[in-house]
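The same chain A turns up in both complexes below, where it pairs with chain B and then with chain C.
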Partner chain A sequence: MESNDERLAIREVRLGATRAEGGTREVSYAIGGERDLPFSGKRPERLLVALEICDDPQFWPPVVRDYVGDLANDTAEWARAAERTYGADLVRLNFTSTKQRGFDAFGAIAATTEEVLAATARPLIVEGSNEPELDSEVFRRSGEAGEGERLLLGTAEADRYRSVAAAALAYGHAVIAQSPIDVNLAKQLNILLRETGVPQDRIVIDPYTGALGYGFEYTYSVMERIRLAALAGDADLAMPMISAPTDTLSIREVREAAPADREAMAVAWEFYTAYAAVVAGASIVCVRHPLTVARLKTALEG
Partner chain B sequence: MAMKALDIYKHLPKTNCKKCGYPTCLAFAMKLAVGKADVEACPDLEAEARTLLGGVTRPPVRLVTIGTGERSVAVGEEFVLFRHEKTFYHPPGIVVQVSDAWPDDEVRSVVEMVEETVVHRVGQDLVLNGVAVKYESNLPERFAEVVTLAGGGNSLPLALIADDPGALEAALAVAGHYRPLIHAATEENHEALAALAKRYGCPLAVRAADPAELAALAGKCADAGVPDIVLDPAPSSLAGFVAIATDIRKAAIGRTEPALGYPLSIDAGAFGDADAAIAAGILKYAGIIVVPPLSPASVEAALTLRQNIYTDPQKPIQVTPGIYPINEPGRNAPVLLTVNFSLTYFTLLGYLEASRIPCYLFIADTEGLSVLTAVAGGKLTETLVADSIKEFGVGDLVDHRLLVIPGYAAPLSGKIEDATGWKVLVGPRDAADLPGYLETEWKT
Partner chain C sequence: MDSLVTAIEHGRTGLDARMQALAGKLAYPETAYALPVAYAVTGIAVRDANGAREAYRQSGNNLLVACECLMAGEGGVASPYTGFIADAVLRRLGYTLVDGSVTGLGLLVGTPESPDAAAAICREMQEKYLLTFLAGGVVEALSGAGVRLGLDYRLVPLGPESAHGIHFADILARVAMMFGGVQPGDVHSLLGYAAERAKAFVIVFGGLTDEETAFVDALRVLGIPILSAGGGYEGGEWIGIAPAEAVRTGMDLRGIRVTVTAIPIPMACSPAFEGKSIRKEEMYVEFGGGRTPAFELLRMRPREEIEDGKVTVVGPDLDDVRTGSALPLAILVDVAGARMKADYEPVIERRIHTFINYGEGSWHVAQRDLIWVRLSKEAVAKGVRIRDIGTLLAHKLKAEFPDHIDAVQVTLVTDREQVEGMLVEAREVYARRDERISGMKDEDVETFYSCTLCQTFAPNHVCVITPERPALCGAITWLDARVAHDIAPAGANQPVPKGEMVDALYGEFVGVNRFVKKASHGEVDRVSLYSMIENPMTACGCFECIAAIVPEVNGILVVSRDFAGETPLGMTFSTLAGTIGGGAQTPGFIGISKNYILSDRFLAAENGIMRVVWMPSSLKEELGDRLRERLAAQGVPDLFAKIADEVSAPTIEDLVLFLERVKHPALTMRSLI
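Presenting the complex of A and B:
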């Protein structure tokens, strides 16, 4: 199935900017570029593992809080540890603080983005607000604070993509486009983003990842279908994919595991879901438990 | 590619003698066309027709059974490259490896673990499938002894992992009648191993690193009289496994290389991370996955992934809509509305049974969609609820007119009240909170 036809390739998306590229990162990554099924034909330059962290740990899974301890209260230190100690290729910063009732600390959004950029040397994924009313301000502040760094900004959805698209366009970032486990919806959202002016080489598809045992099989097949459509020449689906099995740590098997087994269960569940997403074609997998990062890195090398 | 039923029919004797087990030659042709029958079943076929039809009507991946009896595992007989094209049919057998160099106790405890492990999910019992005994002692009689210790194939299917014909012969003397998988024939030993496989009627794995060599080896063993073959592509990396397995499945499905039309096996212990290898095997076409002893967390995740990947993508696992009494409810017991997605039902059932609260589960037909999905997709509606109340006679079961609905269905509460005349109570979103909610909120 290998082909030399340029049109059959998944588009390359650049994440992060080095000094030479106008940012401050020590490395930047190019994801995408595949021309065949995952692991077949020309292999992508690299597959990336992101560790997710947040700025307000009260909204974070207890099994991760127990593991990272005090780090959870210092977002910049947590980000540093994600790279240096846990070995993540990049950090995904979630602004969970925006879940607080009456949130209006927009200044902190900019400050935290800057601190995390200063604490890390690799490209950064920034997950904006969880509330549509806050979107435009949160994306603007974080987008502005990361200007020149070519962040991967999330998350655009069909009914709320304008704010994140605007911030990406204004400050030169890439965008995560999420649709609920459906090829046609993924395509439609990409078209909407294109019409808004977001260049196609700045879009990463998030097909939505159901947890293993809780809908993952649908995600797996939709990822395969997206990839096959792209390889067959559908330009609106020819973007790299990102998968974040965020639901995994709140499923019954993890929550209700005996305390002594909970960590192992959380890591096993995240690992199996994320690795399977890679086999289905994901270029970036995002996990929350630090132990899952090292395991994924080993597995992806083997 | 596959042949149509009528084209196949042209080559059959057309006597409708029924010796094949089908009422007519045409009925047999139709089964052959979908890969569900074996040409060999018709005794009156001309040799030429037999060869021709054999090539085009067998399933692209042969069905191979390891072990005998209740716990035997049948793998292969797959028809597609991607599960969304139709479905995958035969989940891979996961066999846990022990070594004949281990002390007896260690072997025994692994065998017990395999026998006893059951993960209950959505109404199915998920199990590990067998034991692989690896020959490392260099003593054929010790190999046979450990094979006996592993049940000899009587209780659990076995894989016998050895290159040495002598050791295999000793083991087969003990376990040969239970169809163990002989693993694996190579360029060096294939004649002796094929002879053993033929003598005992056992499936045989063949191993070679290059697909062309693998096909040649499989062909030789088939010619030597071994019909049931498993392919071990001996990959040097996991990425390599995924790539080779994909190529082999393509060749099998496209019938470009019939000698590759067999299930694959993978040794998960041979890679940096056994869990990754298990996942890769499940996702990419392995029929037999040999694994090192696994932690309970790995077992549960692996069996869940296998269940996920091998469910029919067109049809969620469902329960029959209707009224389900739980914990012997009376006429004042709460009525709880939910959907007919199995996962939803079994999740609720687990919590409700543990709580001992008597209640009725009222399962509406959302075509197997979960609550949130059914609400988002317009499959759970006030009309459906009103019609189902009538259809199931819910009003005749209880003296009250109160309906507890899932928290995620809250947007429908007013509409359901209007359409049914029942008073709606919006329950919690998470089933784990349901017993607590009923204890404090339920009053009639």
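Presenting the complex of A and C:
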């Protein structure tokens, strides 16, 4: 019977490569492998928390900038602190510099990727550009700079997945496949990636989310449906999930909080949304406020 | 024997002899793939002459393997030539191929008679986003003509001799291994990758030695067409061509198309908008949906009758109508393509639904002459006009069916008189399409087809399409689904092996159940194809008709989408539709196509057509003679008159009286409930 065969488990995706695996990370992770709904069966080995950083802080939430201070101006130090000071399992590097008008500093993309890889020994998630026209060059540079390190590259979407897929294929990385809160579009994108040649054990689904109280419930249902479909045998949805509730830091409750409460409000909102995403089945949650990392780790280990 | 074949034979003999005489160590610099062609074809990592001979033997004396080994024995080349391209550089090149920033690969070899003609070819290759490799006298000729060469210009000079063109083959072999997951030694996947992914062609000029001729000819094994643009090669499998035609021909032969992704219309267009609807309050104008005549028709036309990309609007456009109006609409799409077939028409026509829904401010339901289209106030305020629907369709059709459609033109007619005239013709086309399937029986085939096109609206709905049961939207027959699967093997129509039969009368099959369970994401375990009570098929929202049980008379009524009045159940079509759609199984109610009513398998488990007690007169009229024939064949020619309609039985009380008066057989059948 099919019920207990391999196909009904979520595929394992490996992130990061240790020296023995051809990279330079001190640790690598295998996410996925679940055979049940979250928390109903065997608990996953570990749930991972990524701290997001960026290479141009002018495009970063003020509440985080205020907290990290000068670190924001030194991407490598920020990455080092993410691991050593804040205790993140992974670092997610966002190339916000590509948001600058007329961006063409592609050399800096490779250099920053290398610096961040040197500064942290944890596996790295790399977010490409915000402009489709820049995608090709940005993914190629960062993918090449991270060759052998099994990066998790983001983000593939239905109408812009080729560049990130090409970088994953060329340099041996995994891909985040993001769809707008829709189980069928998630599946369609995974099929497109498969047809491009990306192996299914190198895809992580990002079902996309808003903040808790701002539509998170839709994401929750879609995550549940993705997981149910996967457990019922749909191989094109049998991938682990990642969630990045980035909107939580710019919602009204945070923006309009009294200055003294703003940080606590931001961390609370980010924490509860990320925690809910874990409950819905995310293997990795990505947050931006350093204090949220510790809070999540305590909650997840407790 | 013709001259080309003679040259190839001479070349083969020469290469063969040199292979036997080869000696010493062999290696290319900076690669993990040894001698890549030999490695990909045989799995042998060649290091020296003996290894080379073994690989050559195992490859069945493949001349590409021979040329590669011989080239590895020679020294490198000086700048500006690249010679063998290192893995690191190749990864970047391969990246652009997967990425789509390069559409295909070309190799130019030999010495052109006219440098300017060669320069023109290169310019065209650049314009078409092709990555071009150059080997032989063509490099000098181009430099002389002032053409800039190098990776940045997508013109890569491999070497001064045409024989250096062998690096083109080692590039293809490595791209297949790096990006295509092709394992060394797996010739089958290598050839598959070369044929489908690495779309390449060769343009040959004159001045090749016999050995070089033999090498170029050997590239054909990778599915690469050889276009000879001068040089006087005759015979063999090479295609003689004027230089000016070379690039276009090469692209046509390999199906390389430059696609424009941005559609020049003033609204966003993406699958993300597919599931949203435009409510009455948000609507600026609508077409069809019962208010006005409207239809869509896609037809194949000879290429010369189509002006690609042309959109024509006949009749009033939106500037002439007020908010909330309804206009008639004919969407006439003409397509042409070398690989287009008339059989594909209905399948591609059905995609009009999907594409119009991609528009941020456009909405479409149903199909054929039942369509209902809306444009939102917001979209119209941003400048969207009727013409934009045509532009959207023309772009999407070409982008989604690049292998089948080379040219599209769209005509949108909003003039009532003209639409009504064309409607007659369109209905004839629909009828002809329906006829092709008539006569086929479910027991004649081993495979049914699924349709999950509507899962964006009804995520767990699965249509199972059999020869005797078309999709419930009426737009896809079993033949259409088979064709759709041909066109898009990963698409919404998948083969469903029937498997073992569980129940012949109810139409339950092991294979169908297995498929539906998976495709419905585990929601539906069992489906009876011929029953509306036991595990009926789910419905999306596109059904042409609804069949519903009328308990009071032990019968079934069928109401079609175009009937706006109330049925004897006290509900209109749209009220009923609201109860049964969305991908659920609703025993006692089912969404069906009109043609299914005429099928031998029509709700066979509930005694089929004999149970039908009521239909709107429009549906009865439309089925007309075909229904009479069907009833006569069943031995009940008088049943036609016994089926009530909205005039003879508007309410349930009237229906009871009517059926008793005509002695409808349903009254005395076994109880349905």
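For the reader, a short list of remarks on this structure follows.
The rule we apply is simple: the second predicted complex is superposed on the first by the 298 of 302 C-alpha atoms of A that agree within 3 Å, B and C clash if a C-alpha of one lies under 4 Å from a C-alpha of the other, contacts with A are read in each partner's own complex, and residues count from 1 in each chain.
Just so we're on the same page, contacts are C-beta pairs under 8 Å (C-beta built on N, C-alpha and C of every residue); 3 or more make two chains touch, one makes a residue touch a chain.
This one's a predicted model, so the numbers in the text were calculated from it and none came from an experiment.
Under the clash rule set out above, the superposition-derived model of chain A with chain B and chain C contains a clash between the two partners. By the touch criterion defined above, A:R295 reaches chain B but does not reach chain C.
Residue contacts after overlaying the shared chain place A:G213 against chain B, while chain C stays out of touching range. By the touch criterion defined above, A:E12 lies against neither chain B nor chain C after alignment on the C-alpha atoms of chain A.
In the superposition on chain A, A:D201 makes contact with neither chain B nor chain C.
By the touch criterion stated above, A:R252 is placed in contact with chain B alone, chain C being left untouched.
In the superposition on chain A, A:A232 makes contact with chain C only, while chain B stays out of contact range.
In the superposition on chain A, A:E77 makes contact with neither chain B nor chain C.
Applying the stated contact rule after C-alpha superposition, one finds that A:E21 touches neither chain B nor chain C. Listed for chain B are the stretches 326-334, 380-388 or 434-442, of which 380-388 clashes with chain C, judged after superposition on chain A. According to the touch criterion, the shared surface of chain A, contacted by chain B in one complex and chain C in the other, consists of residues 180, 225, 228. Listing the residues of chain A that touch chain B in their complex gives 37-40, 43, 180, 212-218, 220-221, 224-225, 228, 252-253, 255, 257, 261, 264-265, 267-269, 271-272, 275-276, 279-280, 295, 298-299, 301-302. The part of chain C that touches chain A in the complex is made up of residues 88, 91-92, 94-101, 178-181, 197, 261, 270-272, 275, 455-456, 459, 490, 517-518, 521-522. Residues of chain B that touch chain A in their complex: 82-84, 121, 237-240, 242-243, 246-247, 271-273, 275-277, 279-280, 283-284, 295-298, 300-302, 304-305, 307-309, 311, 313, 343, 347, 370, 376, 432.
Touching chain C in their complex are the following residues of chain A: 136, 139-140, 143-144, 158-159, 162-163, 165-167, 169-171, 180, 182-185, 188, 191, 195-197, 199, 225, 228-229, 231-234.
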